[in-house]
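The structure that follows is given in the form of structure tokens.
Each chain carries a letter (A, B and C) given by its place in the written order, and its residues are counted from 1.
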Amino acid sequence: MLKALQLEPEKCTGCLQCEMACSYENEGVFNPSKSRIKVFNFHDEGRFAPYTCTQCSEAWCLHACPVEAIVVNEATGAKEVIEDVCVGCKVCTIACPFGTVNYNADSGKVMKCDLCGGDPACVTACPTQAITYVDSEHTGLERMRSHAAQSIPQN
Amino acid sequence: MQYVIIGAGPAGVTAAENLRKIDRDGIITLVGDEPEMPYSRMAIPYLLINQIDERGTFLRKDDEHYKRSGIAIVQGKVVSVDQTEKTVGLQGGTKINYDKLLIATGSTPLAPPIPGIDLPGVTSCWTLEDARHIARVAKPGSKVVLMGAGFIGCIILEALAKSGADLTVVEMEDRMVPRMMNDIAGTMIKDWCQHNGVNVHTSTKVNSISQDDGSLLVELSTGHKLIADMVVSATGVKPNTSALDTTDVKIEEGVLVDKAMRTSDENIFAAGDVAQAYDFSTGEMSVQAIQPTAVEHGALAAKNMAGQTQATHRGSVNMNVLDTLGLISSSFGLWMGVTGGDSAELLNKERFKYINLQFQDDILVGATSLGLTQHVGVLRGLIQSKIKLGVWKERLMKDPTRIMEAYLGATQAIGFNADVMK
Amino acid sequence: MSWQRKILRVNLTKGTCEPEPLNMEWARLFLGQRGLATKYLAEEIDPKEDALSPENKLIMATGPLTGTMASTGGRYSVITKSPLTGAIACSNSGGFIGAEMKQAGWDMIIFEGKSKTPVFLYLENEKAQLMPADDLWGKSVWATDELLHEKFQDPLVKIACVGRAAESGCLYASIVNDRHRAAGRSGVGTVMASKHLKAVVIRGTVGVGNIRDPKAFFKATSEGKKTLADNAVTGEGLPAMGTQVLMNVINEVGAMPTRNMKEVQFEGAHKISGEAMAEPRESDGKPNLVTNAACFGCTIACGRISTIDPQHYSIENKPEYIGASGGLEYESAWALGSNVGVDDLDALTYANFLCNEDGYDPISFGATVSAAMELFEMGAITLETTEGLDLSFGSAEALTKAAELVATGEGFGKDLAMGSKRLCEKYGHPEISMTVKGQEFPAYDPRAIQGMGLGYATSNRGACHLRGYTVSSEIMGVPVKTDPLTTDGKPELVKAFQDAAAAVDSTGLCSFTTFAWTLEDIAPQVDAACEGGWSAASMLEAGERIWNLERQFNLDAGLTKADDTLPARLLKDAAKTGPAKGSVNRLHEMLPQYYALRGWSEEGVPTNETMGRLGL
């Protein structure tokens, strides 16, 4: 059964351990600006929300890519950017309606969550279990997915 | 069932693949008029700067992909379509039968009516062959004039500048990318180009091009004269509808389609740059000529061609993203705003940062950005989902950079505390 | 390695920003942050210089673990000469800007000279630029933060700045970063404003990558995080209640300074405690506390995010204070609460918001108000002096009004902005100023915790709990329980805590980790990240070296043994209630032994032998 990231903002303290883990895993440096997962700070409400790609079934990024640089990892279901193929045209960054594909000016490529091949570093790093890697059937994820499906109309 | 698709760009290829998914046994023929494997024009600028080889431009990288998917690729130029016989005629006389036909012929560059536009040394930048030619000429020290600073002009601008050529851009309108950027953003992109050593003339036409001692002499409406080794024409494109010249299929700006991507002929569909289709934002039928729309069209057309569902088009959001010498800009939907709507704007000219949001009531309908690379897609999401922003409208009016927070806060997409976030 | 090995030197007089290599020889002796920046300061300025003259320098410094995945690795310190004490100032802050500086590729920024007109520093990776701040001068911290975010159109730029308190010369003005974290003590904000430096704006996207031994680093930091999670204080108490977990505890042991330290227990403590912050209030059924929040990289997350009761008098017609912001920590709750005799939680929260909004230290502010209240009670200041403000102990209105006055430096606020020592001197009663070396006390009465008395008297930055938090041992039993009422063994305890704290403050980590961690837990993390073969012993030695360096700076600045003392009230007037009833602080029993342990002369001067042993 496929697993997916479950994000529970009510548990998040905004420490950014996830962002550091993600950037270290992917870039070899502690560098939140290169993290695929981002924690959003709702300062006036006293809330934090970790957010990243939901690996949505619509895969807007994948379909929008003109050079087939985003592919599905059959083992994890993740939509992965193949860096060598990506030309950096950024079309996927405007196509993803969730804003979770970002352009990295340093590499000239785009970056997005790839579930670390099935062992997400952010999950290990999160001290409050605000990020967990659970069976896709899990209710929280379903809610997220169904929301995604509803909010962004399909053709 | 026999499906014929004319045009091997993203719309055509996507349609072919989707047809195969739905109809395992149908005969699918993809007709393209260029000798290469189906490739992406979007990738040409990266080919010009040697970031990728020609293979890197291919839409699908696996050589066996089409064969394995049972998609026959035919190279040829379509000269006729017979609606009664339901055949497509190729140059050379070959005829292909179809039950359902998709027109995905894309656009062709416009040749502006300028004396000398046909001279050798004047080229468009549209095909791989054009790219090969440009790459041969654009060298350090060579003089290149780029006519047109629209979207296409701008995506090749960087490649031309990086080649080391001495580049001058001539644009008829008063700013760069006038069809995708408002005057503030379009002017900032011009300033940026000039900061980075590219000469830009706006509100300027090319009056004529002539040969002058082995070089080209480009005369501008301002009276300036430029010497050039090459003139690249990127003054616009038009839907390539010539395949339908022999038919009664209704064509306005492009091939008119309904929400099922069907033309006035029930067996003929159109998709991509050639299609004049439903625009999400305006509710009108228009030609968008952008990659994501082409793919949406292709997938949707396939469903309807295969008769699988009554899949109807909710409209594509017009959007673009552009990298002009490192300055990244994007625009979405009704970026020019709507009557009676509100807008929020932040501008920092020195830092080349700009964001402009357009609202109708508390719904985002359009956006423009400069220098924004993070979470920019959420602008599309907010527009296309028509999310009622509620209190987030006012927050965005105050700080339009908080687009992600607005999306997360307004949708409670991830189980947000409703009481606090509403 | 995990230093970036790069310093930014900003000359405000000339308007220049120049990079220079970090002195790695010093880094191996002084580690980073507190220690290393003190070394730079001591080498570069004459300690006798006036703190507010252009000759003073202001250093923002990170530690080698700042910006890494080590838990709490987000700290930075501001090191300068203090205008409040005339001694070394070193104020530590969390939030996010310290890590951002490191992510931008810098270990520290040295500000020198003075700009003719207000400026701010914009630092984006290797690009550093001074920009005009005329439009920001006269604005609060919060307004400045908002305007700068707007200017850069990036929610992720990190901002540290001074508010109106610093601009108007408040001697205990802080530098506030990320809206409600502060380098709070000793008037570091006053120095910043004296240089016409309004703000530091940083965006760092380079990252911290040069970990010496990544495998060992992940092992050590993961183990460290587990230790923090499993510990009752760092794993449960602090996340749930923040430092406010201490309010009722300290009150019960009779160490809660109350009404300008006249008393040691506060009858209203339960109303301003961590427990009270979690109680739903009547007006809207919501508690004061919205959530806990973490600083960069912190797996403890003790930060408080609070709201004020929307119906509270203090924010009537002030919708800008309705939202959530940094809430009461134990120190601010004490200083704004029991020390002024106020038990109105919302008044405290409002005053605390103002401390953040305009950048001044709630400890020194509360203690100064409490001194003013005592002067008022004595009749040394009158309604005339205060322009009609009734400064009676226990008056919430007096507290909130005083906070508003200090924020802008208006009226009687000018007097309150001088700090307790100068205020009491001005009105003829220096004896009621509860200060050491001119700096106001924090929230632990040394009559009930003997070791803290020695710690306060010898702290290099004046009265301070963070230079050697023997409360850990004396009250909480960490790492071993000692009797708070005895002086036996306290010189050793104080020295050990002081040296360890100096080391921890030089790493980039938060001192709150030491509720669960000892140097044995920290050293492997530092060693895995940095070259130099760091062990608990070598870190402790570095701590001692740093302590002596600070001491020497203070002696060179003109401080003497006479400054190593406590106000007479704490030495002569016995605690009236609680477990310490009848007790005074017996500093004289501890100080000579402490000097001897430190290898200092009877005059409190480090001997040549000591300095030589420490390589100073």
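Annotations for the structure displayed:
Note that a contact is a pair of C-beta atoms (placed from the backbone, for glycine too) under 8 Å apart; a residue touches a chain by one contact, two chains touch by 3 or more.
Not measured: the values here are computed from a predicted model.
Two chain pairs, A-B and B-C, are weighed by contacting C-beta pairs, with A-B ahead. Among the remaining chains, the Cα-based centre furthest from that of chain A is the centre of C. Ranked by how close its C-alpha mean sits to the mean of all protein C-alpha atoms, the top chain is A. Inter-chain centre distance (chain A to chain C, centres taken as mean C-alpha positions): 38 Å. Chain A and chain B, compared by their mean Cα positions, are separated by 27 Å. The mean-CA centres of chain B and chain C are about 56 angstrom from one another, to the nearest whole unit.
Each of the following residues of chain B touches two or more other chains: 405, 420. Residue positions 41, 45-47 of chain A are each in touch with at least two other chains. Shared contact sites, meaning residues of chain C that touch two or more other chains, fall at 155, 290. The part of chain B that touches chain A in the complex is made up of residues 10, 14, 40-43, 46, 51-52, 56-61, 291-292, 295-296, 299-300, 311-314, 319-321, 323, 326, 328, 330, 332, 373-381, 384-385, 387, 403-405, 407-409, 411-417, 420-421.
Taken in their complex, chain B has these residues touching chain C: 346, 348, 351, 353-355, 371-372, 399, 401-402, 405, 420.
Across the complex, chain A meets chain B through its residues 7-10, 38, 40-42, 45-47, 49, 51, 60, 63-64, 66-68, 85, 87-105, 108, 140, 143-144, 147-148, 151-155. Of all residues in chain C, only 67-69, 71, 96, 103, 155-156, 179, 204-209, 225, 229, 239, 290-299, 301, 305-307, 323-325 touch chain A in the complex they form. Across the complex, chain C is touched by residues 13-17, 20-21, 23-24, 27-34, 41, 43-48, 106, 125, 127-128 of chain A.
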